[in-house]
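What follows is a group of structures, each given as structure tokens.
Each of the next two complexes has chain A plus one other chain: chain B in the first, chain C in the second.
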Partner chain A sequence: MHVPDGFLSPQITLPAWAAAAPLWTWAARRNFGTSSTESLPVVGSLTALAFVVQGLMIPVPGGTSAHLTGVAILAILYNPGVAFVCESLVLLLQALFFGGGGFTVLAVNALAMGLLGPGAAWLTWRALRRLSERTAAFAGAYVGIQVATFSVALVLGLQHRLSPAYMPVPFAVTAVAMLVPSLTVLGVVEGLYTVATLALLRRARLLGAR
Partner chain B sequence: MLAEPRRDQAVLGAWAASIFAISALTDLATLASAAAVALLVFRRGAATEARRVLVGVVPVSLGLSLASWAWLAWREGPPPVAPHAALVLRAVLIAFVTFSVLRRVDLLRALAPFPTPTRLLVLCLAQIHALRLLARESTLGLRSRLPRRPRTRDVLRSSGAITVALLTLSARNARDVGDAMRSRGFH
Partner chain C sequence: MKPRDLVPFLATAWLALPAAAHEVTSEVARDRAVAVRALAHDGAALSDAVAEVFSPSSDGTPFWQGRTDRSGWVAFVPDAPGRWRVRVVDAAGHGIVTDVDVPAPGAADARQAPSPGPSAVAALARPLAGVALVAAIFGFLYLRGRKTGR
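Now for the complex of A and B:
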């Protein structure tokens, strides 16, 4: 789902870095200070699990493939700030060591998949949790991945609008190609993954899991 | 001559500036020239890095570009090939430069003056290594228990137990790594 290096010009990536840098500093200071000793192991585990989950591609109709993000669970268990830092770390590792995503587009991917997506997941979960914890987690994860996908498609569309010679694919094509698998398959799988992981965390009684 | 962490930091700074510069290129001829310069600068180990790019980056970039080109050709008639080719070349060139630079710098040494990012990086790398090993062991274990090749249903059935094992192991592992680093002064 994430944008690879070379698909967005500095016209977009540099302002995104300028927006993300203070948010990273704020989120890291707020969530990973000295009081985070208890929760850090679980956060580390879920970050690594998100990394593994993002490596599992799901084939979708039409010959393309997509992947889960696995960070809605972090927003639900902790807060969107933790999800933002962890997802950024996952994206950085993927960019540096595995050629996934990229460094120039890191801020764009982190804002879309680490902040907007988990932020939407957290808000949805908070709004629905009184009805049913499981439904709220499922709906949060489903909404979160749609918001992240739409944000990425929107940025790619903006790049086409700014320079069709740079990004030759228009928004209509990008949006359809990304949102159809996301709405039909990925959202459901991400929701199920989030509900299942929450249940497993409670069953395994891992320290720091709420 | 710069001290070691400073040298690594300077190289990383130059790398960041160069990949942003490459990401601004749209002309195929300029991109080809930049690729030639990169091959010349990073000629030592170029074959290894090229292979990494070929396996990790080319299939995704080329697949995306081909799919987009085919879609546009089907809807509106064949679009110009040059922007699509430039898209792939940019992605490939940035990945090649990134892999080549990272092979030449010690990331942990460059991060040495910043203990918290170092701690987070070490924690995550250790976790990923542990999880990949466990995932591989679990897959091999599943294969050895079945007389045939595991099907999707078999994988899904065993995924619950594997996920619990993954989480338990990585939580223990993260705590151990975190404690070890704290005892060495990384706070």
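Now for the complex of A and C:
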């Protein structure tokens, strides 16, 4: 799902950095101050788990593969700001040490996969949690990954319109190639992952998991 | 022989000219092509992905456009020395942009070492290293928080 380095022009990456930078500062100050120290072990464990699941490629229809994000659980347990900072950290480590994604596109990937996706997951969770916690968690994760996927497809499509030299594949092709696997496979697996992780944390009554 | 007797021969020769103009020959050259393979980090080939090759003097117009083969390879024959750029992207946005140095004819062949393919050890080391880095960062934040919180 990550946009790789070299596929987006500065016309897109610079505004994304300008939007993400103050949001990173605000979210980090709000959620990672001294008052949140007790929740750090759980947040750190879920972030490490997100790093691992983002490296597990799942075969999807069309002969390609895709991966989970694993950060909807952070938005559901805490808030979208925590998910945003943690996903950004995962993306930064991938870009710096593992050749995944990239530094110039970091803000775009972080906004799509770390903020818009988890934000949608959190809103869905809040709307449905009175009905059933499991259903709400599943639906939240499912909707979250669709929003993240669509956001990435939209950005790639916008880049194609601005300059096909950066992204030669048009939006219609990208959107179908990304959303079909996401709607049919990824959303379901992300939902199951989120429900299972939530149940495990509840059962273990881990400190920090609200 | 009278000149008018030559007319059928000249006409036949003239009609054969277009056939000669449509002739196509082939040339097989070995060790001239540059091949780049696009692989996902799990080792899966990016097959049938859009591929573009840009020459060192490119103004943004690709020297070559096409698709990777079923094993994820792009091959092209550079016509000038310098730094060539290869871009591969599949429909889902996965891709690479990589540079290939092509030496001048006669220059010492400073071939780029092939990058090691994904191995089982690398596949295991990657998540472990990532988990260790995340644990180190959060461990530091936790210890600092405990210290300042006292």
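A few remarks follow.
Just so it is clear, the second predicted complex is superposed on the first by the 210 of 210 C-alpha atoms of A that agree within 3 Å, B and C clash if a C-alpha of one lies under 4 Å from a C-alpha of the other, contacts with A are read in each partner's own complex, and residues count from 1 in each chain.
Throughout what follows, contacts are C-beta pairs under 8 Å (C-beta built on N, C-alpha and C of every residue); 3 or more make two chains touch, one makes a residue touch a chain.
This one's a predicted model, so the numbers in the text were calculated from it and none came from an experiment.
Look at chain A after the overlay: chain B and chain C clash there. In the overlay built on the shared chain, the residue A:95 is in contact with chain B alone; chain C does not reach it. Contact with chain C, but none with chain B, is seen for A:178 once the two complexes are overlaid on the shared chain.
Judged by the touch definition given at the top, the superposed model places A:7 against both chain B and chain C. In the superposition on chain A, contact is made by A:196 with chain B only, not with chain C. Of the two partner chains placed around the shared chain by superposition, neither chain B nor chain C is touched by A:15. In the superposition on chain A, A:153 makes contact with chain C only, not with chain B. Of 62-70, 98-106, 134-142 or 152-160, the segment of chain B whose C-alpha atoms clash with chain C in the superposed model is 62-70. In the three-chain superposition model, chain A touches both chain B and chain C at residues 4-7, 32, 34, 37, 40-41, 44, 47-48, 51-52, 63-64, 89-90, 93, 97-100, 165, 167-169, 173, 177. Residues of chain A that touch chain C in their complex: 1-7, 32, 34, 36-37, 40-41, 43-44, 47-48, 51-52, 55, 57, 62-66, 89-90, 93-94, 97-100, 152-153, 156, 165, 167-169, 173-174, 176-178, 181. Chain A contributes residues 4-10, 13-14, 28, 32, 34, 37, 40-42, 44-45, 47-49, 51-52, 63-64, 89-90, 93, 95-100, 102-104, 163-169, 173, 177, 196-197, 200-201, 203-204, 206-208 to its touches with chain B in the complex.
Note for the complex: chain B touches chain A at residues 16, 19-20, 22-24, 26, 52-53, 56-57, 60-61, 64, 67-68, 71-72, 75, 79-80, 83-84, 86-87, 89-95, 98-99, 102, 107, 116, 120-121, 123-125, 127-128, 130-132, 135, 160, 163-164, 166-168, 170-172, 174-175, 177-178, 187. Per the touch definition, chain C reaches chain A in the complex via residues 40-42, 44, 47-48, 50, 52, 60, 65, 87, 89-97, 126-127, 129-131, 133-135, 137-139, 141-142, 145-146, 148-149.
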